[in-house]
């Protein structure tokens, strides 16, 4: 099949290579011309603008957008909505908020353009060799592009998940679960670390991956991490986050679903960004006021 | 009424003065002889040992124990159980675990000694001028000592709360609630602090204490704290704890009562004791492994 | 001073009476004419439309809006923005989102209208006899209307809190703290209820209000509630919520402030709305799959 | 190798079969004679008492105890400590508290008996075909029995984890992590369930197991569970627990490690055991008192 790829960052470029491996034709565009050259060398057809990219596709045109979520995605989608025609298809594979996807799909539908929101889990390696993709959009139209997803993902590694927005929603919730799992694992290792015993964490991760209830890719990754740095001495415990955990909690609040574990996983990340807290100052001040408990001075 | 006071630390010494104010006779003992001298100057009768203290009391002897919870209390109670006789009374006013109080009361009862466990809230100032006391023990025997509690506390500031142990249990839960309230207040001020607005916290605490739903002594104390240090700049946000919050959570776990707020209040205190966390290192390592997210190096 | 009151529900009507008590002149309007009649009988001047109300005011006109937050407030404010002129003043006293207040204040400012957002705590009783009011808006203009707030509130019961939006933001955070305090108190009583002791909760609330660290209006209210229903047997434990707790958590997430206690207070409310949970089903199913633990069937 | 197995419940009996598969000789005892007969038919040597079992072993005798944790384990270990001699070995494979294991190991060491505490994850199926075992005890002595663990577990499925107690501690923490992972997964599905989308959960679990970050045995089990009951309609969301999650939280409190996710996972299980809560009644009563919010009546 022939399709256009807009955005040749880590994810987009790897997807192009993956698509080429499976004998798809790819017209590729990025604002960075070098990135275009790179995939062109591997067999993609370069384009110097979105307009040119669209012109090189055949009806029904398929344009896969893989640019940073937010303003950039908004801009590219708007341009595509102008350029594409009835029956054409947009695949949006970034980390977009599902509500944006619902809105963009509705706007595209007004012009008869099919819009697919694709949530991807599996990182660059997944983009290159097969990831896990969750795809929302029109079911009938999906049949046309399904072969692409079958080719580039691991077996059973894609799912048509329902109406537009359902792909990004599902990916968002996936990440929420991921936050919770990671925090659970981390708390466990912290308990081990503070205990009276002296564990070999790499060995612990290894044994937990063989036969135990918690065996999982995340525990495999811990084995790998501990193999490089036995006590993680070189790493600071600063836990950044990139949005989807927060969106999951916000959605949970909107839906009135109690999600204490996902919420606390996120909040402990925020806590890790601070050296000192105003919350702590207030509690320390209160203890000092009523109990005469000494405060620690700056 | 005549009674003995064992332990003349901040709480015990203030209680003696409070009792003397209300025309009770006090025989006072402390391992620190200077502390004995001090209250003797105010009108108490000094004793150089628990044995002497007991000998100076009249039947039914009343011995109030106000020494640090744990080993010291255990030792003093054991000695008193040897020295006292049927009908005598022990008042134990420290921050003891309620299960210890239940056990000690049962052991005392075997000799016919009445045992009262007294949980006290209100700090030194309360000990001196009237606190809040929660008292467990034999109901009938309590009638004998009730006048003491009526005299030394604020109005309605004592409660016979039921069987032995119920006083310390009630005080423990009081502290659990206190942890939750303090953390709630502190989180609120932290949200204000990070907001786009520029609040005068002393004024905020003042207005919240006048007519609002959350008016409380703790908010009064915050007004006082902010009046001394408008942004708490001089204080580190290290939140120590002294046991009763932890016991509340442990009891809640035993009783299968979900207490997320009290538990999290405690856990955020523990978190504040650490500059960096192993939990954070594990999560950062995982993010690095699967997503290539940069870790912060030590 | 003369001012208009738009919205004569529980809060608005009581505010009118309160204002009249303090010799202010009030022009009152409500879509419900009966409500207008009622306050007219007490000395207010009735109006049959917002337009009429505005026409009866003198420059600088002061219009206090006390209608349900959301659409209705939006509509009334829009109309006022049309009718009022430079130098006039809008006081918006509902439970609005602070971002709406920021936006409305900016739109009003374009016409030279001063906009004040007022967060109120203290319920109907407070509206009638003196509440706690937090007021954002232009500082200089506030001087004009400050006497009103001085008259109708308890002493120290109002605060000019800063720029527009800061009043509703402060009220929102107040409610977040309130959620946390309430849940903390409730968890404590739940631990008492499940314990081996048999407490008289009314007496417990009373003693906690006399000399203890947690003395507060909320504990007073508990004393009152237990005096009517000793074990709350007549009440179901369903905890509704009205928005501001949720907004506090959402703001905290936006500001990256960890607020586990406020968040969990809210989530336990959501949990209480459900008889059974999908979360529980999933965990039960998992335990069954890996451990053969029996599930409970519907 | 020849060893004795005491306790032929689901786990013990399957371990015997597993051991026999790998050409070990097993002397088996259970208070239930039928259970002894069953494994005797498969090649084990039956014993009618612990004494007889011990007499049939050869020095150094190896006795594996697989009886319910608590009193029964205590009783069997005491008897073994009487019967065994210097150089003999006890393997204790139940779900014991690690502090009990530390204590029992020390008592055994006084008689020169080597004590190994073995935490097992993987259920009956694991006992039969290979599980994950975490083993604490004397390192040198472990060399003697290591071949047994190598034979009966999956590859890399056992770990000598350090001093006595470390095996059960590690298993305990494993279960704490398990609680957190399960709750995270369950919260995620609950968010899906309440969302505007209509997901096929079996398909969701399947796609998440192929290429995603959260792929894990637990998600595999969810796929299996949803394949049997697409929406878990037949199951009640009652989440029981069996101790190790609670012990993990208790240990975390003792070690001052913040474990919000594991703690909340446990507390939500407790919450699921109740139809109504006293916590909820208190909050509902408070809302009614200060805001006139209607309570729901029983």
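A few comments on the model shown:
Each chain gets a letter, A, B, C and D, in the order it is written, and its residues are counted from 1.
As a working rule, a residue touches a chain if its C-beta (ideal position, glycine included) is under 8 Å from a C-beta of that chain, and two chains touch if they have at least 3 such contacts.
For clarity, every value in this text was computed on a predicted model and none was experimentally measured.
Contact with subunit C and subunit D alike is made by A, B.
Chain centres computed from CA atoms place B at the largest separation from subunit A. Note: centroid distance subunit A to subunit D, computed from Cα atoms, is 34 Å.
Separation between the centroids of subunit A and subunit C, computed from CA atoms only, is 38 Å. Look at where the CA atoms of subunit A average out and do the same for subunit B: the two points lie 49 Å apart.
Touching of two or more other chains is recorded for residues 123, 183, 185, 187, 190, 194, 213, 217-218, 256-260, 264, 267-268, 271, 277, 279, 290 of subunit C. For subunit C in complex with subunit A, the residues that touch the partner chain are 213, 246, 249-250, 253, 256-260, 263-264, 266-268, 270-271, 273, 277, 279, 290. Listing the residues of subunit D that touch subunit C in their complex gives 10, 123-124, 182-183, 185-187, 189-190, 193-194, 217-218, 221-222, 224-225, 229, 232-240, 242, 260, 264, 268-269, 271-272, 275-293, 295-298.
Partner subunit C is touched in their complex by these residues of subunit B: 121-123, 126, 130-134, 136, 153-159, 161-163, 165-166, 169-170, 173-181, 183-185, 187-188, 190-192, 194-199, 203-204, 206-218, 248, 251-252, 255-262, 264-265, 267-268.
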